[in-house]
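Next come two complexes built around chain A: one with chain B, the other with chain C.
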Partner chain A sequence: MATIPVSMTVNGEPVAMDVPEYTSMLDFLQEYLNLTGTKLGCGIGVCHACVVVLEREDGSLESVRTCINGVGRFNGKKILTVEGQAKRSADGGIEALSPIQRAFLRHFSFQCGWCTPGFVNATTVLLDRLKREPVPADKLEDTITEALHHHICRCTGYVRYFRAIKEVIESTPGLVKQVE
Partner chain B sequence: METFRPDRRHFIKLCTVAGISIFAAPTLWQLSRGQPVGKQQPDWRGPGGGPAFRTDGIAKVTGNKIFGRDFRAVDMPGWPDRQHYAFVVRCNRVERRFSGFDWAQIPTGAEPYARVTAQTLQQQGIKLPEFYGDLMLLPEGESPRYYGHAVAMLLFDNFEKYATAKQALQFSKEFIRYGEQTPPLERDPYASWRIIRVEGPGGPTGEDLYSPLDDGLFFPQYRDHKAVWPRHADQAGSVSERGIYYAGQIREQIEQESTAGNWHLVEGEYRTQIVEPMMMEPEATNGWLDADGKTLHMVLTSQSPQDFQEMAAQLVARSSFAGKIKNLVVHSGFVGGGFGGKDHSIFPYYGLVAALFGEAPVRLANNRFEQFQAGLKRHPFHMRNTLAVDKNTGKFQTLLSEMQVDGGGRQNFSPSVAMVGASAIQSIYYFPRNDISAVANYSVNVDSGSMRGYGTMQTMNAMEMMVNRAAQELGVDPIELRLRNATETGWRNTQGAVPQVKVRYREILERARAHPIWAERAKRKQAYEEKEPGYFFGTGFAIATKDYGTGGAAPSAAVQFDENGELSLAIGFMEMGTGTQTSQAFLLEKTLGAPASECHVAEIEAWNALQQFQTESPYTMSQAHQDKMSADPLWTPVVAMASSASMSSYFQSHATEQAAEILFHHGLLPAARRLWQAEEIDPAQLQWRNGGLHYQQLPSLSLQQLAREAHRGGLVTGAMVHAFNRWKWAEADFELDGENRTWVIDGLALRRGPRSGSGGTGISSADYQVIKRRAVRYPKTSLNNAMVTYYAPTAALVEVAVNKGTGEVKIIGLQNYMECGRLIVRQLVEGQIEGGVAMGVGHALYEVLPPLAEGAGNGTWNLNRYQVALARDVAVWNQRHEILEPGSETDPHKGIAEVVAIPIVAALSEAICQATGIRFNDTPITPEILRRALNPEV
Partner chain C sequence: MPIIHRFLALLLIGATASAETPVEKGRYLAATGDCIACHTATGGRPFVGGRPLPTPFGTIYSTNITPDRKTGIGNYTLEDFDAVMRRGKGPHGNLYPAMPYTSYYLIDGEDIAALYSYFMQLPPVEYSPPKNRLIFPANLRVGLSAWNWLYFDDGKKLPQPGDKSAQWQRGNYLVNALGHCGECHTPRNFAQAMEMEHRFAGNVLEGWDAVDIRPRALQRQGWTREQLMELFTTASSERGTLFGEMFRVVEHSLRHLSEDDLNAIITYLLDDGESRPVDFRNLEQAAARYPSGRRDFIAYCAGCHGREGGGILLDFAPPMDGNAAIRAQNPHNNIAVILRGLPEQRLSRTRARAGMPGFHRELGDARVAELVNFMRSAWGGAEAEVSAEAVAKIRRELSDHGYLGARE
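Coming up: the complex of A and B.
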């Protein structure tokens, strides 16, 4: 089996190793880095449970499905997985949750929690986008739906995720433009 | 040398089955880094006194390892770090004999180190537990019994080989070889049921002329693999002869009254589809046979690990591994969704076999294609129904239903799903007479199990579709027709049993009738269609009342406090995502003044203190056996039960509340008497307010003060109970502290004073002493014929726009009504409703697996072809729901996890009919089906 060298930054930590060339990013995270917070849902890029945050060169964020993308696509890149979303202490304990993590908790957005990492990461990307491109208030619900509607949740029916996202966006200055 | 040491800090012994000691490992998430799960956080309380978030929430939102699928060998304490991998090879056809493998298809360098086949299993004496049938792996020369039948398991010593081989083999048409064609296999049905009832002269509350509850059940013979019911009728004869007599009377009356023009008949065939549970976490196991320690470790993703423990031990004990394995350790994590698909699934047994033949820990993990191919499904029903309605009064007169249920290739829960579907079709309505039969059949489809709804999603929606049609044909408002026929508290159901809950259907119906979506539906339709000429607009309503319970519920709970008044709770139930851990912790507040600081779910070890044992099946035991065994104060009909979502809020809550009340009565109350120096206290005047216990004008006492006094004085500081419910609760008399008292439980153990110092922080059997009951009164065994008597209703009002060209249905507005008794945590109930709606929308409009060769068993299905409801499909911004206030402070906490998914299905079907004029009897009504119906010429 031919291997390729990969190196990247995952949750702020540099990672470098040789892996078989057709390894998916999801398998790389789970089987080589033992980061299992990124979840397998469908394995074919439909359910979006497996998305991670990719930092582009200009500093903007992109959500990328790890089940249908090979590890090579992430070579030299900076990646944030759900494990890296909260601020942690040196021993791995959680010191502070991100605003979207807190909002999902407060709204009881999830039940089983399998789809939660995907929602956390995709919403992080949406917030980043709205910082650069604020959305008119009357388009906010459509914007959230458009950004998150591919994510499959089987327990709580999306309502509590979407409400939490709306609340975070509305309470974060600069993400929404008031309609005249 | 034996390296396995059953240190109770790591492994807790449960019992010995067939000479194998079974241990439960402390729940997996305790291995996880980060915040502990189950221990409340400092900011746990939210505004209004409820929880601010789920107790498992932080772990889930931060990606901790908490699910069974997350754990690799390296994560497991005491395991070797090396991780091996297994892959199950499955057939995608059934009409030819399996004739071996083309091993050359395996890529060079990716060869498995072990190939497990039927021959291997036979050599080692490995057989599936009886519940699952036979042929775990199909032997060479046999034809597959069903699509997806497993033929081999391959074991690999690293991930690279496993991934490479699986990539090459999973969809290969060459790897499995097939030989000559064989005729289709035929088998007798798995089970048959018939529910005949005729009301007596006393009406709905009087004695019946005939009913399963009063007369018992009778069964058919099987000829040519078809159910043939007895034919001989005799009003004074046996149970079957009397049943056939009344069935004949029912049909004669329908014929006469409809011919005379008195009754209107709604007759039709109603079909439901095969549905995939599509829980987000595909099934997985990790297993390690520690040969030196003679110990088999299994990590599961199961909803029913208790049943696995026992059946797995028996599997091992019957095999050649019997002498090599003395201990079985079962590790369970949080379940990443189940919906019944992980309840008694066959999957963990393949994982067990992988572990037996592995040379290191072996991980077996379905990808989504495999989960579709081999995971349990929702049963498709084919019903022939007749609803007879009196034309003058609009009162329902008779219900006839013949149901054929496709159970797939293995029996699993098909018998009981057919029975529950049949007994639930009446929904909220009263019928003076009924003849309902259901036959659960074998087929070559993937087997179906206990998926959410358990038969009622299928049958109650058919009933609602019939009621909507009857309303249209009789020219009566659909909600008015329902009001005329809604059953009342105390009226008998189709089995002749009287439901044990107060019925509030009329209240729900009246509220829906007054809602603008319903009251203004004509105006709204006109306005929408004028504005959007490319769409049809329609409004639909449906209601359902889901039974919950199994007729053999056996919850356990233990509550204790430390010297600082910190409450700990242990319950037998798993956390499957519904928030059981959070809601049960909060239940204590009413009785003990505070929620539990810690809640241990899926507790197993603690119950050893109760010392209980069971004998025969609670469903089939005789009254004489029950009477005889009841004399033993440690006997119970069922020691432990499987977890399912609808069971926790009512059944587990009962045990939790009983434990809390006993702890209050024998711990806190005597402590309060001492501190207040008051001999006589009227418990009715005691009240918890602002964290203090108040009584008349006396100074209030904090839980900490009371707890300290209870510990100091050797009073009761922990109460552990076991309860049993067979559609009624068992109750027992106990003598405690010189007082005779009856509690609604059948087993009790108490902790007095400080803990015994057994180590650990949880609830431990070592601290508790069993209190033998003086007498017990169990519900009579004849109540097994009642089938179901607990119900929780939900109604859905929905308005849709149907695209005239594409047939796509868009939900414009949605109003739900829920009556769940006393709710425990509002946010959890609301989340359940919203999740149920999404699943119901999927069942109604999108989700379908074809049968046979095109179906899931062929291994090519995944979410690219199987469409579930997405956010845009469920009116995510326009959903509203109303939860009725409880009727009284003593209303039960009702089980709702299943009912919430049901009425939206028939409501959507009716809304589509009102929009387009086309009435569908079958589900789903996909955009393609609707497009063809609307545009037959295209």
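Coming up: the complex of A and C.
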């Protein structure tokens, strides 16, 4: 089978290897990097469970579905998966979960947890966007809905995800403009 | 038994006759003319107007056509209605030709009367749309008399060649008069009048190519009658899918037409002819010629459109193999769709169109050109190549009009 060379930065670590040309990004993470936190949901780009965070050239973040994109799309790029969210010690042990992860736990946002990596990554992208373009407080709820509404949770944890995300945004300075 | 049959037949005749009240007929004709599309704002009440219509001369807002006496057409007599529809003359002056009286002048008098009956019995709604925002001199309606004198000839009849079938003649009327298909699909001159010598040759509107729908173009792409019927009733088919404004035309208009009328439209569009089966597949040659285009197809497109361009589901990710857009002579939509993506659209509770992400941030002009060339060569039998400059030009136009950079 024809192979293609791929190289990219995943969670701060450079990786480079040859893989079969039709490898999806999701398979690449799971089968070649042993990063199994990114989940296969629908497999056709609808449920958004599989999104990872892609860092654009200007440093801004974007969430990208890994089930429908080939590994080649990520060549030369920097990405963050759910495994890269927590602070880790030198030996790889988890020192502290990210504020988003902590909020999802605090609010019991998820039950089975299959969609959670997607929600964590998409919320990371939303926080990055609000850092660059804060929204007026009265537009916050619409903004959260618009940013996350593609993410499907079959345990229907939407309300608890929503509350957790709103709490993280409101407790992080500079993301919301107060309305006069 | 025969007596019962005759009785049933009588009942059926009775049923059709009562369904053909002027109001019912008018309702059908209003769907055929797709009046609702322009005369309804996004999320607004039907027919009250207020939809912004961008033109090179500024923005025109569609009007309230409910029979409200103050803000709508409640005071119109049939003669007033006829003058507006067929001559672009309103009680307060000339209409802008955004109102397609330039096509509607071909509607026959009986149909105008039926439309009048239908609109006059709608519930009146008091609503005034925003004022038009047009640049000088287009903001002066006085100029419209001159425009009409130059570009509008309501004495000109629809050609009705004697050698065409009756079905063709009906299609001719539907497509050119009420359907006003040419208003989008015909190129316009500097004064925004349709260039009738290039009727249906295609025209770029709001950043999309309203494609060439001349019989030769449709036959060249291999459209069969069955595929066109499927396209007009569901907005998708093996030969291609509709999106944007044309998706809305199916939603509000085409799928409500009778099978006879759709057949007539198809007969007219294919000019009483049939398409020969087509197969332009040449993956190996395309891969050899455009290796980096193929690489990007695998990286960006194959996940949904299939490794060999077979697609997943028609409404989800249509096949590229055999797709009329890939075979189209004008590559505009191939380029534009890669750059700007497509919105999700819904036809009914059970039929919806998945969106497509735009790749204008990630893919530069040369890569888009290479990708388009790979696809057009693999599945479109393309003879001409798309250049990076052509992509750059379309990217600039889309960007200038604000069609790129919306949140994907």
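Here is the rule we go by: the second predicted complex is superposed on the first by the 178 of 180 C-alpha atoms of A that agree within 3 Å, B and C clash if a C-alpha of one lies under 4 Å from a C-alpha of the other, contacts with A are read in each partner's own complex, and residues count from 1 in each chain.
One rule holds in what follows: contacts are C-beta pairs under 8 Å (C-beta built on N, C-alpha and C of every residue); 3 or more make two chains touch, one makes a residue touch a chain.
What you see is a predicted model; the values in this text were computed from it and never measured.
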item	value
Chain B or chain C, by number of chain A residues touched	B
Which of chain B and chain C A:Leu33 touches, first, second, both or neither	neither
Touching partner for A:Tyr158 - first (chain B), second (chain C), both, neither	first
Which superposed partner A:Val46 touches (first chain B, second chain C, both, neither)	both
Touched partner set for A:Glu21, first chain B, second chain C, both or neither	second
First (chain B), second (chain C), both or neither touched by A:Asn69	second
Contacts of A:Ile4 with chain B and chain C, given as first, second, both or neither	second
Residues of chain A at both interfaces, chain B in one complex, chain C in the other	22, 44, 46
Touching residues on chain A, where the partner in the complex is chain B	1, 20, 22-23, 27, 31, 34-44, 46-47, 49, 81-83, 85-86, 88, 91-94, 97, 101, 104-117, 120, 141, 145, 148-160, 162
Contact footprint of chain A on chain C as seen in their complex	295-296, 298-300, 302-304, 307, 312, 316-317, 354, 361-362, 407
Partner chain A, residues of chain B touching it in the complex	33-35, 46, 52-54, 56-67, 69-72, 74-75, 109-110, 159-160, 163-164, 167, 278-282, 334-339, 367-369, 576-579, 827-828, 830-832, 834-839, 862-864, 868-872, 874, 876-877, 879
Chain C contact footprint on chain A (complex, rising order)	4, 21-22, 24, 44-46, 56, 67-73, 75, 146
